[in-house]
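The next part holds the structures, each set out as C-alpha cells.
Look for subunit A in each of the two complexes below; its partner is subunit B in the first and subunit C in the second.
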Partner chain A sequence: MSGYWAGILVILAINVIAAYSAWLPLAAGQVNLGTAGFMAVGAYAGAVLSGDYAWPLPYAIAAGAAASGALALLVGSAVLRARGLYLALATLAVNEVVRGILLNWDAVGGASGYPVIAHLELPPIALAALGVFLLAAWLGASRFGMTLHAIEQDETMTGLFGVHVPRTQLAAFAIGGALAGLAGALYAHHFSYIEAQYFTVLLSVTIVLSVVLGGVQTVWGPLVGAAFFTLLPELFRGASNWRYVLFAAAVIGIMALRPQGIVTRAALMRLTGRKPA
Partner chain B sequence: MSEIFRIEGLRKSFGGLEVIRGVDLSVSTGQRLALIGPNGAGKTTVFNLINGYYRPDEGRILLDGQDLVPMAPRLRIRHGLARSFQNIRLIPHLTVEENVLLGAHIHAGGALMQALPLFLGRGRALREQARGLLDEAGLAAHRGALAGSLAYGLRKRVEVVRALMARPRLLLLDEPCAGLNTQERGVLLEELQRIAAGGVTMLVVEHDMHFVGGLCDRALVLNFGQKIAEGSPAEIARDPAVIEAYLGHEPERYAHA
Partner chain C sequence: MLEAAHLSAAYGPVRALDDVSLTVGQGEVMAVLGANGAGKSTLLRTLLGLMPGAGGSVRFLGEDITKLSAPERVRRGLVLVPEGRRVLTSLTVEENLLMGAYTRRDTPGQAELDAIYDRFSNLAARRHMKAGVLSGGEQQMLAIGRAMMAKPKLIMLDEPSLGLSPRLTAEVFALIASLNAEGMSILLVEQNALLALEASRQALVLELGRAVVAGPSAELLKDDRVRGAYLGAAA
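Our next item is the complex of A and B:
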C-alpha cells in the first residue's frame, strides 16, 4: 500500500471513531458540538502519559479515552438539561473552554503545541476503528440503542414507559465522550504532534455534519458519512481549487435528496430484501 | 368486585381558570369506565393528571391503594399505569416489534441487561411475549414492518399492544377512535373487547357513544370540570343533563355525541 493511501485510511479510521462518538448522543437527539474538545482531552492526556510518564502505549491511549469520558460525564451532568439549540451552544462553549485552556497551558506546550514521541501506524488504528464499529453495532442492537431512538422521537412518551431519560442521555453522551478521546489519542500518536488549534469547533461541526449526512437511524450511517467526508475531497483532488466547491455541492445535493441521511432504516430494509411495509 | 382505581376530590387550575373542579371516580377490577363530555370539559386534563404530566392542586389519585400524585411520571408505569395516545406516538423508523418492546421497558432489567442486544437475556422472553400479543391482535404479519409505514388504524392497534406489554393494572385509552373510519373502529372495538374479556381494567376517554356502549360498562360525564352524570352508557345517553351539555337544549331524540 502506498504511503498516500495509508495516510488516507488512517484519517478515515479516526474520522469513523469520531463519527460514532457524535452518533450516540445524536441518536438521542442531542447535538454535541464539543466533540473536538473531547478529542483534544484524549489526545493531550494520552500523549502526556505516553511521553512524560512513559506509560505503555495501549494504557496511555485507554487512559486518554477514559479521561475524556470522565469529562463528558461531568460536563453532561451540567449541560444536558439544556435542549436543542441551547445544548448545541453549551457544548460548543465546552469545546472553546478546552481549547482555550490547552492554548494557555505551558506544561503541554501552550500555543506552540506538544510533540508526541511514541508512534502508531495504520494497523492498530484500523483495528481500533473496527472495534468501535462493533461496539456501536452491539449498542445499536440493544435496548439502550432502541431507547435512544425513542428519546430522539418523543422524550415525554418514552419517559412514560419508565425510561429514565436524563440518565440514558447522559450515558450516550459519556460513551460518546470516551470514543472522541480515543479518536484524539490515536490521532496524537500517529501525527506525532498536537496543537490546540487543530481541535476547533469547525472540526466538531464537520464530525456532526458527517453523521447527519450519513444518517442517524442505523449504525451504518456514521460509517458511510465518515467515508463520504474523508474520501470525496480526495476523489475531487484532480479539480484542484474547485474540489471544495464540488464537495460542498455534493453535500447540499445529498441533503436535498435524502433529508434523513444517506442510510435510513427503510433503505437498509429494502437493501437486505425485507420490505419496510 | 374490588376497587382498583379511585380519584378523590381532584382539582386543577390554570392561572385563574379552574379546569377540574372536584372530580371523584372509581373503577373496579376488570371494569371499563368511559370518561366522556363535550370539548373542553376537562377529560384530557384528568388523563394528564393521572399520568403526572400536571400536578393536581388538590385531591388524590389512588391506584391499588397507593397515591400516584407524589410519584414521578416515569415511575407510575411500574405501579401499573399504561396508556395509549390520542395522536399516535410510535417511533416511525423502528419496527412494530421494537415499538411494542418499548412497552415492556419496566420488565427489561437494569443497565447491564439493557446494554445487551434485544435478542439476548431477558430480551428473548420479552420478544416471545411481544410476538404472542401481536399474534393475538392479528398483527403478526406487520411485526417486522416499520411503524411509520403502517396505516393509521393499524398503528392505533400497535399502540394498544405496546401498552399491554407493561402488563398494566389500569389501561388508559385516550380517544382510541379519533381519526379512524367506521370499518377501522369496528376492528378496534372487537380487539379491545377481546382484551377486556381477558380481564384488563380500562379507563377510556372517547366521543363515539356507539363505541363507548360497545366497550364500557359504565360512563362518567364531565362538563366544565365537574361530574354531571354517571351510569351505564344507555342511561347516560338518555340523561337530560348530558344531552343539554352536548347540544345546549333538550332535543326530541338523542343524537350521536
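Our next item is the complex of A and C:
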C-alpha cells in the first residue's frame, strides 16, 4: 500500500471513531459540538502519559480515552440539563474552554504544541476503528440503543416507560466522550505532534455534519458519513482549489435528496427485507 | 384500588384542576367526561405524577403513591395510554411493545408478545414495520398493547376514540369491554359521552377543573344536565 493511501486510511479510521463518538448522543437527540475538545483531552492526556511518564502505548491511549470520558461525565451532568440549541451552544463552549486551557498551558507546550514521541502505524488504528464499530453495532442493537432512539423521538413518553432519561443521555454522552478521547489519542500518536489549534469547533461541527449526512438512525450512518467526508475531498483532488466547492455542492445535494441522511432505517429494511440490527 | 382526594393542579397561574376526588374500584370502568379544557387530561397527568406542584393525595392498591415518580407509579401497575397514542413512529411495532415492558424487572418472553399479537392480529402482520406506517386505529391498538406489556393493574385511557372512524371507535370500545371482562380496572377519559357512559359503571363530569357531577353512569345517562350538555339532548 502506498504511503498516500495508508495516510488516508489512518484519517478515515480516526474520523470513523470520532463519528461514533458524536453519533451516540445524536441518536438520543443531543447535538454535541464539543467533540474536538474531548479529542484534545484524549490526545494530550495520552501523549503526556506515553511521553513524559513513559507509559506503554496501549495504556496511555486507554487512559486518554478514560480521561476524556470522565470529563464528559462531569461536563455532561451539568450541560445535559440544556436542550436543543442551548445544549449545542454549551458543548461548543466546552470545546473552546478545553482549547483555551491547552493553548495557555506551558507544561504541554502552550501555543507551540506538544511533540509526541511514540508512534502508531495504520494497523492498530484500523483495528481500533473496527472495535469501535463493533461496539457501536452492539450498543445500537441492545436495549440501550432502542432506548436512545425512543428518547430521541418522545422524551416524555419514554420516561413514562420507566426509562431514566437523564441518566441514559448522560451515559451516551460519556461513552461518546471516551470514544472522542480515543480518536484524539490515536491521532496524537500517528501524527507525532499535537497543537490546541487543531481541535477547533470547526472540527466538531465537521464531525457532527458527517454523522448527520451519513444518517443517525442506524449504526451504518456514521461509517458512511465519515467515509464520505474523508474520501470525497480526495477524489476531487484533481480539481485542485475547486475541490472544496465540489465537495460542498455534493453535501448540499445529498442533504436535499436524503434529508434523513444517506443510510436510514427504512432504506436498510428495504435492502435486507427484514429488521436491521 | 385507586383513590384520589382533593387533587389540584395548575399550569403557571392557570388553575386546571380544583379539588377533584375520585375512587376507581377493582375491576371497574370509570369514565371522566367534560369539554375541551375541562381538565380531563390534567387529571390523568396528576394521577400519574406528571404535574409539578400538584396538590392532594393519591392512593393505589392501598398504598400512598403521592410522592412517587411517574415511572415508579407505572411499575406499580398504573399505566397511561396517552392522548394521540404517542407511539414511537420510527421504531418497529415490536420495539414499541418492548419499550412498554421497559419498567418491568423481568424481561418479557415471546409468549407474552404472542399474546398481544393474538389479540391484535393487525399488529402481528406488521410487527417488524415502523409504527409510523400504521393507521390511526392500529396505532391506538399498539398504544393499548404497549400499555399491557407493562402488566398494568389499572389502565388510564386518554381519548382513545380521538380521530377514529365510528367503526374503529366501536372496535376500541369492544376492546375496553373485553379487557374489563378479564378483570382490568380502567379509567377512561372520553369526549364521546354516550359511548363512555355506556361503557362505564361510574362517571365523573369535569367543568373548568371542578367535578360538577359524579355517580353511577346509568344515572348520569338520565341526568338532565348531562343530557343537555354532553349527550346533545334538549335539557
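Here is the rule we use: the second predicted complex is superposed on the first by the 273 of 277 C-alpha atoms of A that agree within 3 Å, B and C clash if a C-alpha of one lies under 4 Å from a C-alpha of the other, contacts with A are read in each partner's own complex, and residues count from 1 in each chain.
We adopt the following convention: a contact is a pair of C-beta atoms (placed from the backbone, for glycine too) under 8 Å apart; a residue touches a chain by one contact, two chains touch by 3 or more.
All figures in this text were calculated on a predicted structure; none of them were measured in a lab.
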Please work out whether A:A141 is in contact with subunit B alone, subunit C alone, both, or neither, and reply first, second, both or neither. first
Which partner reaches more residues of subunit A (counting touched residues only), subunit B or subunit C: B
Go through the superposed model and pick first if A:L257 touches only subunit B, second if only subunit C, both, or neither. neither
Just to be sure I read the superposition right, which of the two partners does A:A107 touch: subunit B = first, subunit C = second, or both, or neither? neither
Is A:H149 touching anything from subunit B or subunit C once the two structures are fitted on A? First, second, both or neither. both
Using the superposition described at the top, list the residues of subunit A that contact subunit B and also contact subunit C. 143, 146-147, 149-150, 153-154, 156-164, 217, 265-266, 269, 274-275
Listed in rising order, the residues of subunit B that touch subunit A in the complex are 51, 53, 73-78, 82-83, 85, 89, 91-94, 98, 101-103, 105-106, 108, 111, 113-119, 123, 144-146, 149-150, 166
In the complex with subunit A, residue positions of subunit C that touch it: 48, 50, 70-71, 74-75, 80, 82, 86, 88-92, 94-95, 98-100, 102-104, 128, 130, 150
Which part of subunit A faces subunit C closely enough to touch in the complex? 143, 146-147, 149-150, 153-154, 156-164, 217, 265-266, 269, 274-275
Complex interface listing, subunit A residues touching subunit B: 138-139, 141-144, 146-147, 149-150, 153-154, 156-165, 171, 217, 260, 264-266, 269, 274-277
